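Each of the next two complexes has subunit A plus one more chain, namely subunit B in the first and subunit C in the second.
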Partner chain A sequence: MPGSGTLLSARTQGWLLAAVTLVVLPHLPRLPWWITLLAVGVGLFKLLLLRRSRRQPPRLLLALLTLAAAAVVFFSFGTLLGKQAGVALLIVMLALKLLELHTARDARLLVYLGYFVVITNFLFTQTIPIALYMFVATVIITAALSTITHSSEERPVGNHLRLAAVLLAQALPIMLVLFVFFPRVAGPLWGLPKDAYAGMTGLGDSMTPGAISSLAQSGATAFRVEFFGPAPEPALRYWRGPVLWHTDGRTWSPGRIASYSRKLPETVQNRGEAVRYAVTLEGHDKPWLLALDLPAQISRRALYTVDFQWLSYRPVRERIRYEATSWPRYHTGPLDPQLRKAALQLPQQVSPRVQALARDWRARTDSDRGVVQQALDHFHTQPFVYTLQPPLLGEDPVDDFLFGTRRGFCEHYAAAFVVLMRSAGIPARVVTGYQGGEYNPVGDYWLVRQADAHAWAEVWLPDDGWLRVDPTAAVAPERIEHALDLDLQAAGAPARFRLAESGLLVRGWRRLQFAADAVNNHWNQWVLAYGPQRQLELLAALGFKQPSWREMALTLLLLTGTCLLGIALWMLLRIPRPSDPVVQAWQRFCQRLERLGVRRAPSEGPLDLAMRATAAHPELAPQVRTITDLYIRLRYGRSLQDSREVQQLQQRVRHFPQRAG
Partner chain B sequence: MQTLTLRDRFRLQRFTRGLGPEAGPVRLDRSRVFILPTASGLLFAGMLLVMLFGAINYNNSMAHLFTFLVGSMAMVSILHTYRNLAQLSFSVGKTPPVFAGNRAGFEILVSNPGVSPRYGLRLHSRRQPAVTLDLRGQHTGTATLYREARQRGVLPLGRWTVSTRYPLGLFRAWAHLDLQAQCLVYPQPAKERPVPQNPAYRPHQSGDRGRGVDDFAGFRPYRPGDSPRHVLWKAAAREQALLVKQFGGDRADEVWLDWESLPGMDTEARLSQLCRWVLDAHRNQQAWGLRLPGHEIAIASGTRHKHRCLEALARFA
Partner chain C sequence: MLLDGIVDRLGDIILGKEHQLRLALTCLLARGHLLIEDLPGVGKTTLAHSLAAVLGLHYQRIQFTSDLLPADILGVSIYNRDTAEFQFHPGPVFSHIVLADEINRATPKTQSALLEAMEEHQITIEGETRNLPQPFFVIATQNPLYQIGTFPLPESQLDRFLMCIELGYPDAKAERELLRGADRRTLLAGVEPLMSTGQLLELQKGVDSVHAADALLDYLQALLEFSRQSPRFQNGLSPRAGLAVLHSAKAWALLAGRDLVLPEDLQTILPAVVGHRLQAAEDQAANLTGHERVRLLLESVPLP
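Showing the complex of A and B:
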């Protein structure tokens, strides 16, 4: 066993190089090019060193290189902390440590860093293929650790690999117990670096022309829904997100409507059947908990806003699951005067054309409802086009859109509609969220993508309370029935929708996609979304109502101990028998002799043993002699083993007395 | 397996020193093998802790899962470490006598009754460099432990340790053993000094076997230092062995090596001198006898006789 001072063999170094390469590989595309270049270069250089000579680069040079690399990382990221910079630094150090492999201690450090790099990969992606890949990488790193600990010429490469695989396989049950029962704490424990949640997409807390259409070009999952009953019809599948009250003409924001309660106000009434469902929401770094319009109850601790939205206490940064109840048909009751004021707010400048249009509608009818209908008719009859890539709008976006371009995405229609309503004196607001969703028949759930992001309007009418009006539906009714087909969008062209495909190949492909997403969904729900909340639910289902820390610790200890004991029994009791029946029979014979008081010395041959046995037990002399002769002939004889003789030996041994007397 | 009372089981001494001297082959079992993390095992644990904090901080499920996987693997490796030592059987092999001032070698036989091989066994006794050993299944290997033999007498090997860090070096399992291995240490031979001739020597019909120069006495194999004039060149030319003619006088001495012939010296110096004389006498193919206070070994010659005399010197109390 090499102590910390011994030099490493080329074979061990080869293992280390393989292990490090495997764990660093998935990071390479995410790193700045110069780190990728450095890592690949060092790897190749190391390979060359292994084949050519044992000479290593001088330590001082490496120390200077390390410092220089750390400095470059610092200047290119502006920090050494954070996800990106941390990983970059880790990989630079790993690469340089590879060149400084002298002793077993260096090698151990490298292996430990390798385990660490595996973990950092999961900060970027946690898919099933990556998990499998990392498991394989872990087997290789562990095999490398095994070669550092003990390496000899007689021990083949496969032996280390098999050992690592056995160790990890035996670790799996304990890992499962720890995963399920180890008390989960809601993170973060301390402030996270700024880039911790980079790359999370979702609805923002404000809306400008183009905000939602850019979101709508992402195929990423927003959330998945399982209905505990029939799904509501497509026209009712509006998932409510942030409500926007205030506008400066271009940007819409929530305004100063900050009034929260713990539950639904009593003025809101259910006018139909309640719908129950469970949502698995992807992390989006914002507090909104998306729910079907109109959200009534939710299974999480959350705040209810005055504009009917559930908000989490903290931004949703990991995938979470909650159950909710909604009332698709509702009546919201009277309007608070302050809210009415906020719902009539107009930008400083509303162009005369827009004001005239609103005034014209107002003059033609005597009810608010009539004004709404005329606006929808206007969108329907005038040549408006629904497109994902609308032209840019000028100084006054609403005017430009209504009278100029007439091409827009849902946010253009919603914004223009609300401005028109407010100009006509009808309280109105913009609601953002998602509309629709795709049914997955394999997993029996609905998948809502970022591409389903939508914006619509709500108007307050004296008879109905807040009423959802979707001006987009007036322009492109297909939007409500079908999802956008992202592959078919062209600049400025009318949006294309995903209609039922008929081709066998296309259907097969869709089915495969459904299956893959269903597997992913289970992975998400049971592995990735397993956190404090899910753990409490599971423990409750197992009978722990309010588990204390002590109970949890005890359970954990008990289960881990049971697993370890099971593995220990399996390992230590399952003594592999020698496969040779002759050796087996002889060992049994020796055991019986031992019970008779004749213990075979480690170096004693069969003849010497037989002599002692005969001396100690003269009455057994003939049997001892026959067995010994048979054994010697079978084991050391030149001829091939005769199966009859083997049987004879086994029989004789079986009949040999078990104990004296 | 030796049965231990609960009280014995928790004695600290067992942990640091083992069960004390005992005879015969010893098979390692639970009561003898101890396991603790190594320094690099502690570093590994520290790394796991950092990984766990990272997982919690980033709320990352896969990071949790992976941390638990690697942690569980470390736990399972304890069992493998233990199994690498369990059931090994140890006994004492040859311990050839040495002269004081040399290293005494104690051969330890390690036998693996199981089928699975044992890797990276380390045997070491006090401050001596460790011996490493790999054992295939159903095999017996040997490891020799050394100890400086400073004084003549019976040198016990004392407590020694067998340990292993297999499979990952995170844990070290060890057992302290003392199999009562003993090595006879002969006195350190003193400087050359003529053997006192005063004790009886008498003519012997076989003469002095080649020490004199008067009469031809026979042939014997060539030894470095023999005069070339005595080499039997004819035989050498026939490619037979190199022989020399031996001459001898009729004066054959049978020497008595006597304690009393060395007055005024302390015990150890006397023993050293006697040791030297025994060796010289044996080298010169003489017959000799040894007289010690209260003990006498009759005149004889040969290797066995030499060792008998040296043992008497070593054990002289």
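Showing the complex of A and C:
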């Protein structure tokens, strides 16, 4: 390569550029704009260098650029470590290395960095499309590696790609063994950077007006549920999350109700059919394990709170799967005096209008149940509007909402309702969680999104114990039957719901979405959620009871060894096949002649062999002659191989008798 | 085919030796020189003579003796009194076909005079370079027995002969025909040339255009490589030997009427071309004949 100042061929450099571009591309939107600019600029500059085969930039300039880039990364992130800063630094270095390709060693370094960048992509997202994309990227990088190794030969592009694909295919069994048997540990093994869990969404541990309505505008998946029997009716599909006791008038928080046990208290009684199901919960960085109201049992080590909630010991940071049993109809029994006190707590200031309203209801009836009914009637008959974008509330949100704006989302209704109940002397609390879910007929499971986030109230009645009351249902009963339609929400307008569509196209589109989510669900369950729990289950199914680390490591070694041995044996025993189809056909012909008793000597030429064959089997003389002539012309002839003649040779050999007689 | 006719006609004169005749012709076509190692009386002279007669070439025979001098072969300048200057009288080497009979009887000095002429196709006497006629073909004979008082050609000189063959005794049928038939010399006298010198030179040029495919070159290289790697041989075959093999194989293919070289061509000429260049290693059976050594080589290298 005169003039380019490098030992690497332009072809190899082109491959490397393509590989680097592929692996860096998904990172670009996540990086600061100047890194994107730098990476694209360097890529284009490299392309220019390749086309014009100009001199590469001087080393001193590159060294200065590298230092400057590292410094800028440090100043813009405040660190060189961590997920964001680390990836940014890696990509800057990778891009600059493109300008310093002199020897095969540089190229190899670039390739290995490329493999590493492939892995870093999975720190951000682990979906199927990105996995497929990264597989393609890995093939291209491996092909680039192949061009470095075979730099002296001019091979066609497909040749390198095929080699890369074969190599990866050979790595597949080992990959599977490692995936299944490599000892899994709970939590991040290699100390993932602190910011790794940024951006997880989910229910918070407190509630202010607007908290849930902002969550409800996210289409992200909260969890998926498979019922082991028939699904409960929509009015019973309340997924219980954090229970909020304490309010200062605006914000609701769990308060100081900290009493845990390992199982359901015996005072709680089942009054109906138990429902069994499995939940695949997305990571949300909080300990709550969502379950159908009222959760009875769960298949994980977890704590049961006094307000009927299962809590994980550690925040749920990756997707987990657990099985649970719930009692949709229940009776919670008597109320502890201390809890009663907490359930009657009121903010410092409750406006006179609110107190008057509560007193009025209390005066009109003699039972708590009657008060609850009157409150629901109030929400139903007065002009309350259910909307995702309620107006801002003033100093006293409850008063302002009840007598002023009268527009609100579920949290407004739940909060106002609980304040009213407490003012009337009825123990009440706010429960947050999810309501409803969408059935996926393709995968036979229910998908619950963040948009299904909901807040409702619970009151304690002497006859019923804790009773779920949903004031939102009194205002907008459709909310309980249908999911919100995220595409149709206008500011301040009443919320629109997703109703059954009739259009063929719309239904087809829905069906496609279901199918995509079903595939995604399997990917989540079997690939991404394959953690310590699932590994133990699988190993137990294979006959390893309570495997220790040592046993698992041994199994891993044994299986990997077996895999490698198998591949080695296969390579050893495989008869080397000539790549030339002409030689292949000829060897086949020789094999057939051998069965006829004419065995070719190792160094015997075609004419000699044909002569012996003809002498031994005069009846085959014409065929032997044609095949030999074709072979001689194709293999020793002057002209280039004509594919028609090659086919003709193959065909003649195929028709040559296999056996005597 | 012209060449087939020539082989047939030669076969009429030299009975039962078609293979050797073809080898000799191949050697001539490949512009090489031929060494025949055999006992007296098996028809070496007749072979050389009939080749010349059939091809219409000028033929000279030099009987090498221990007192033969270089000038006896190359020629001398003699003072001419009439013109008052030296006049060159060309020696027997200035002919198309030269039979150097019993070359190992002459002194090395005389031998090398001929060998140099063979190599250069020209001679330099008294500062003047003279071209030898085209084509120029030397057939040297060497008696493998009765080595007393002889100067056997060293290995380096043997290398100058493209081929080394043996004639051997005729088989019973050929012998009977020989005994029955007319005198060979009478037969030779009646032979008409079948080819002009120009045609022969054309054919020699045609050898170069015979095609040797990559597959064949692979095979040849494998053979050369084996001869160099194997502990059975003292020295491997030289690049010159490789070129000689290829060129001979091309000439053989041309003689067989083909325009491409087959492995068989190579295998056929290999004993004649390589037998005298390949020495078995000392610890191996040193009494292997040249042909046996070549067979060893051929059997060791498989043909794909």
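We adopt the following convention: the second predicted complex is superposed on the first by the 557 of 661 C-alpha atoms of A that agree within 3 Å, B and C clash if a C-alpha of one lies under 4 Å from a C-alpha of the other, contacts with A are read in each partner's own complex, and residues count from 1 in each chain.
Everything that follows uses one rule, which is that a contact is a pair of C-beta atoms (placed from the backbone, for glycine too) under 8 Å apart; a residue touches a chain by one contact, two chains touch by 3 or more.
Fair warning: this is a prediction, and the values are worked out from it, not measured in the lab.
In the superposition on chain A, A:134 contacts subunit B only, with no contact to subunit C.
Of the two partner chains, subunit B is the only one touched by A:178; subunit C is not. Contacts of A:603 after superposition: both subunit B and subunit C are touched. Of the two partner chains, subunit C is the only one touched by A:632; subunit B is not. In the superposed model, A:380 makes contact with neither subunit B nor subunit C. Once the two complexes are overlaid on the shared chain, A:527 sits against subunit B while remaining clear of subunit C.
In the superposed three-chain model, the partner touching more residues of subunit A is B, compared with the other of subunit B and subunit C. When the shared chain is aligned, subunit B comes close enough to touch A:150, but subunit C does not.
By the touch criterion defined above, A:318 reaches subunit B but does not reach subunit C.
When the shared chain is aligned, no partner comes close enough to touch A:329: not subunit B, not subunit C.
On subunit A, the patch touched by subunit B and the patch touched by subunit C overlap at residues 578, 583, 601-603. Against subunit A, in their complex, subunit C makes its touches with residues 211, 213, 215-216, 259-264, 267, 298-299, 301-304. Those residues of subunit A whose C-beta lies close enough to touch subunit C in the complex are 578, 583, 601-608, 632, 635-638.
Within the complex, the subunit B residues that touch subunit A are 25, 40, 43-44, 47, 50-51, 53-73, 75-77, 79-80, 83, 86, 89, 91, 109, 111, 114-116, 119-120, 122, 132, 134, 137-138, 140, 165-169.
For subunit A in complex with subunit B, the residues that touch the partner chain are 1, 105, 108, 112, 115-116, 118-119, 122-123, 126, 131, 134-135, 138, 142, 145-146, 148-150, 152, 154-155, 163, 167-168, 170-172, 174-175, 178-179, 182, 184-190, 192, 196, 317-318, 527-531, 560, 564, 567-568, 571-572, 575-578, 583, 601-603.
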